[in-house]
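Input: structures, listed below.
Below, subunit A partners subunit B and then partners subunit C, in two separate complexes.
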Partner chain A sequence: MLFNSLEYLVFLPLVFALFWMFKSQLNIQNLILLIASYVFYGWWDYRFLALIAFSTIADYVISHVIERQKPQHIKKCLLIISICINLGLLGFFKYYNFFIESWVDIMAQVGFRSNVGSLNIILPVGISFYTFQTLSYTIDVYRGDLRASRSFVNFATYVSFFPQLVAGPIERATNLLPQFSQIKKFNNDEAIAGLNLIIWGLFQKIVIADSCAIYVDSIFENYEKVNSFSLLLGAIYFAFQIYGDFAGYSNIAIGTARLFGFNLMRNFNYPYFSRDIAEFWRRWHISLSTWFRDYLYIPLGGSRSSMITTVRNVFIVFLVSGFWHGANWTFLVWGGIHAILFLPVLLLGFNRKNLDQVSISKLIPSFKELFQMTFTFIVVSIAWVFFRADNVTIAFKYLKRLVLDFSWGIEFLNIDRYNFELLLLVLIVVLIEWINRTHEHPFMGTWKWFKIFIVILMLLTLGVYSDHQDFIYFQF
Partner chain B sequence: MIKFLKHCFFIALSTLILNILLGKLVDGLLVNIDYSSYSHWNDIVNEKINADILILGSSRGQVGYNTKIIENNLQFKTFNCSYNAGGYNLQRAKYNIYRENNKKPDIVIQNIDLAHFYPTSNLPNKESILPVLENYNIQENLYNKFSLKELGLLKYASRTRIPLKILRYYCFDSFDYVKNINGYTAISKKFAIDRYNIERFKTHYYQSFNKDMDEGITNTLDFVKELNSKNTIVFLVWLPEHRIRLNTTVDLRNEVIQLINKYVEQNDKVHFIDLSDDAISDDSLYFYDTFHLNEKGATLISNKIANTIKDSLCYLTP
Partner chain C sequence: MYVLDNFYTYVYYNGDARNKLQYVTKLGDKKIDYIFIGSSRVENHIDCDLIQQITGKSCLNLGKQGAKLGDGLLMILLLNNYDVKYSKIFYQLDYTSNYYGLEKSTRAQAYPLVKKSGNKELKGILNLSRLYNIPFYGYAKQDKVIGIRELTATLINRKSNVKLANGFVPRYGNSQRTFGELPDFISQPNEELIEMKKNTENKLVLFTAPYCSKDTNRKDFMKSLNKHYPESLNLMDAFDEKTHFFADCGHLNAEGAAAFTKLLIKKLNL
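Let's look at the complex of A and B:
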């Protein structure tokens, strides 16, 4: 079930009504959420419910055994079993074909013919997200940061909580799990804030991301025929497509959770106003970057050991992060580019230089800030080309043509629906975000109602409803 | 909770009202653009045509029959009801919509050619019918996919050119568009070879008689039969094609023309005017591409057709 579908428009109010009907009965409320989450997930393919149920049971049992065991080596052994189960499922469903095909290719390069065939595997929606969520839980229990959940229903709801099940934010058990044990009181202001976030998220998805997607798809399909200017626009629009798509989903998820009295972590914090790549990673997909920081980068030693170890750790984290996004060399290259961009900032000690919001007390940024933000946006957009391209060769060809074609006519813009209006729309969004960059979303502060109605009007007039698009991050 | 529900209700209701009211406003503004394809459809569904002679066809029909010339020659109210880029199925659907809202025509001029006999699976030029999309007959005959996603203003969503068109027409009076007069669209462009279409003709379906074409011919002739049964005289007309196009489809065209001739011989109320290989076929002056007549070509041919029909009608009514 998609957030931007009519089914969800019926599903959400129904679950909301049922949930608050049992106001002070926590167990029933959690059970309602659990059933709703399984319905939500099963809407795509009910067969994968078994997978999520298996993962839930395995981690529930293992975490309890870990907690009861005293010897450290047994705890460690159980943790490894849990990691193997979770990553094993992820590896099989997501990476099996990639490894097999890569193996066959490598063998062919050295003159051997391998007969290992790939399998027709369907990737379960959101498997990367809930796998990481359950992993963090078991690791936290192992570390002693969290007690194993006594209630199976609470734990199962934590794993499958429908607002963030398929595309995050990847919640930490330490933040979300205890919320299932707290009696919920309906808070009017929180619910209204949640609703506003949903409206803003829908705007980001339906108006920004889906409009950009039409142009981006055309450009990337015809990259050999179009000129430099169109390729440049293709790269810029993809940057806004993926941002609108993913930030939109996260906002709808956070807003939906708030309707039920849950607080999910913020996943995006105006990332395109970052002044360096380190700041970008503090603002983009925050739940994933902090997950990697806490469960991979720091356990590897972080930046506290030798320079070589630091370089190694940075590369590992970014390459794994890239690979997490998909079983394709393009994602690995994307991760590698970010590692290369991040390292100088880290090694020169500038990584924690820009911690606050840019130009916080001024309306217009300084020339230096503007230059820094533009530069960061350009390098991030170049990396996005690898993220979007079908393969690495195409990405290189795309960039080569963009730089070396030297034709800057506006030929491709002259097609209906790919026109200047889209460029104007993107600029308006940048402006809206800039003005509201100190708020969680633009509906905060003054003129609230006016802003809401303008956005609703834009949803009605500029939304893409015919070319119905899935959220990009579902595939991860 | 009540406060929140009121808040939701207020947002939902105002969104719905805004959507419907603005949708109606845009509908109204579009259908009032004179000689536009929007007003064309609006006239059809609002019983404003009631023509004596009705022209059916695809884009070739739309640009090839000058309604004013035919009307002046024959002194019958004439309307061109062709469906731009539509095969026989869409032409038929448009005719059905027309008939639900207008009187029965006495004469139907059905334009035919090889492309006519192939059904169109998608809905070309959907934008033209947007202002009347909620109309029952449109949904019944042409567009059965109507959903809540297309209610009110939503049907115009992401069509960013529409507000610009409205603005230009009503505020600046500078709306430059191809005028649609009684369904006829005059194109004054110079001739250019439409290579893409020629290639499509050569490589795809128009080379041999196949199942689709067989079905198309049967359907067309059934439609003619149906019109005849209601006392409507039918003129099947094959408009001129440019020599370049003619040369790509000689055998198949002859085969189809033979079939049509055979049918016409057995039916009194059907006439066939075969102008496919007319004298103007060799003159690019009368075409804007290899398949479509320009304004000059349409003027010449419309006069010719009107005279032929006049002769036939004299013969029919002594």
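Let's look at the complex of A and C:
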């Protein structure tokens, strides 16, 4: 079920009403959420439910056994089993064909013909997200940071919690799991804050991301025919498409969770106002970057070892992060580019230089800050071209043409709706975000209801409904 | 949503026409002698100015790119519903005769007009789901055609790319590139079209437009077409010797269109 679908428009109020009908009856409320989450997930393909149920049962059982065991080597052995199960599922469903096809290609390059065939596998929606969530739970139990969940229903609901099941935020068990044991009291302010986030998230997705998507798809399909200016716009629009798409999803997820009295972690914090690449990664897909920091980068030694180890660790984290996004070389190159961009900042000790919000308490940034933000946005956008392109060669050709074509005329692309007015819309959104960059969403302060009214009006009139787009991160 | 819905309907209904469907509703009691309905093979082939020059009769080209059979039927219903007087309607048949229903953009363009008219027959041809009863749903769902962009264009009276009073859009160039082969048969005749032909007291004349001889299925298709619509004037092979008339295998260029218009004047005794 998609957040931007009519089904969800019926589903959410129904679950909301049922949930609050059983106020103070925690077990029933959790059960309602569990059933609702399975309905939500099964809406795509009921066969996926077996997979999530298996993953849930496996981690529930293993975490309990880990907790009961005293010898460290047995605990470690059980943790490895859990990791193998989770990554095994992920590896099979997401990466099997990639490895087989890459192997066949490599063999063909050296003159061997390999007969290993790829399989017709459907990638279960959100598998990368809930796999990482269950992994972090078992690791936390192993480390002793968390007690194994006593309630299977609570744990199963934590794994499948529908607001964040298919595209995050990737919640840590330490944050979310205890919330299933707390009695919920309906809080009007929280519910309104949740609704505000949902509205803003829908705006980011349906107005910004989906409008940009129409243009981006056309540019990337015809990249060999269009000029530098259109290619530049294509890259900029994709930067806003992916941001609107994913930040929009996260805001809807966080807002939905709030309607039920749950607090999910913030996933985006105005990333395009970052002054360097390290700051960008503290503001973009926060739940994934902190996951990699805590469960991969630090266990590998982080930046406290030698310079070579640090460089290695940075590359491992970014390449794995790239690969996590999808089974394609484009994502690996995207991860590699970010590692290359991140390294100088880290090695020169500037990675924690920009921790606060930019130009705090000032309306206009300084020239230096503006330059830093623009530069970061440009390098991030270049990397996005690899993320979006069908393959690495196309990405290079796209960038080569952008730089070398050197024709900057205004082209009219044969798109019925959006062209340069889209740039205006994007600029307006940047301005809105800039003004509200210290807030969670723009519906704060004075004129709050008027702002909500305008955004709803824009949602209705500027939203893209005829070319319905899935959320990009569903494929991951 | 209710307010927006009514506002959009009001603008599309009362604003200047920006498409052929809207134009039909603005004709009022004006009498048009000849009306041509069909797909791109009408829009790109029939030059109404030329017909008017030669015959002195008024003419309107209501052809539409990618039109299906339902588009033409809807156009005739609209003409009748808005009391447009006409002497003859010339209805062009081609492979789209196999496709029932409406082309997406026609459905969208017709939506505000049908909504306003409240005509059940027109509503029926649009075949809208119940969701369209939700205020503004129809405009949101079809935003590509009747969304804010088109609304703004209507509000500021931006002129349509097509000269609506004529409706002819010429094509240029010369090739016999096959853009999509004809099917080898028509599955069945359209009962509604045949019924309409009877009801319009033979004011409805069926015809076909030229296709290049390179199209491998043309012969079989023509046979099937003659079988299902024996009264239609078949001109598919009219320009087999004139390859320079074709912009591509299924469309004539401006020169070909002028020649075809003249041929129609002669064959149809206009």
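What we mean here is this: the second predicted complex is superposed on the first by the 471 of 476 C-alpha atoms of A that agree within 3 Å, B and C clash if a C-alpha of one lies under 4 Å from a C-alpha of the other, contacts with A are read in each partner's own complex, and residues count from 1 in each chain.
Basically, a residue touches a chain if its C-beta (ideal position, glycine included) is under 8 Å from a C-beta of that chain, and two chains touch if they have at least 3 such contacts.
Note that the structure is a prediction, hence the values are computed from the model and not measured.
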Clash or fit, subunit B versus subunit C on superposed subunit A: clash
Partner chain(s) touched by A:F186 [first = subunit B, second = subunit C, both, neither]: first
Residue contacts with subunit A in the superposition, subunit B compared against subunit C: B
Partner chain(s) touched by A:V39 [first = subunit B, second = subunit C, both, neither]: neither
First, second, both or neither for A:I432, with subunit B first and subunit C second: neither
Which superposed partner A:L51 touches (first subunit B, second subunit C, both, neither): neither
Which superposed partner A:L462 touches (first subunit B, second subunit C, both, neither): both
First, second, both or neither for A:L6, with subunit B first and subunit C second: both
Shared subunit A contacts, counted only where both subunit B and subunit C touch the same residue: 6, 416-417, 457, 460-466
Touching residues (chain side subunit B, partner subunit A) in the complex: 1, 3-4, 7-8, 11, 14-15, 18-19, 22, 147-150, 152-154, 156-161, 163
Interfacial residue positions of subunit A with respect to subunit B in the complex: 6, 20, 186, 188, 191-192, 195, 199, 211, 416-417, 419, 421-422, 452-453, 456-457, 460-466
Of subunit C, residues touching subunit A in the complex: 1, 4, 131, 136, 140-145, 147-149
Complex interface listing, subunit A residues touching subunit C: 6, 416-418, 457, 460-467
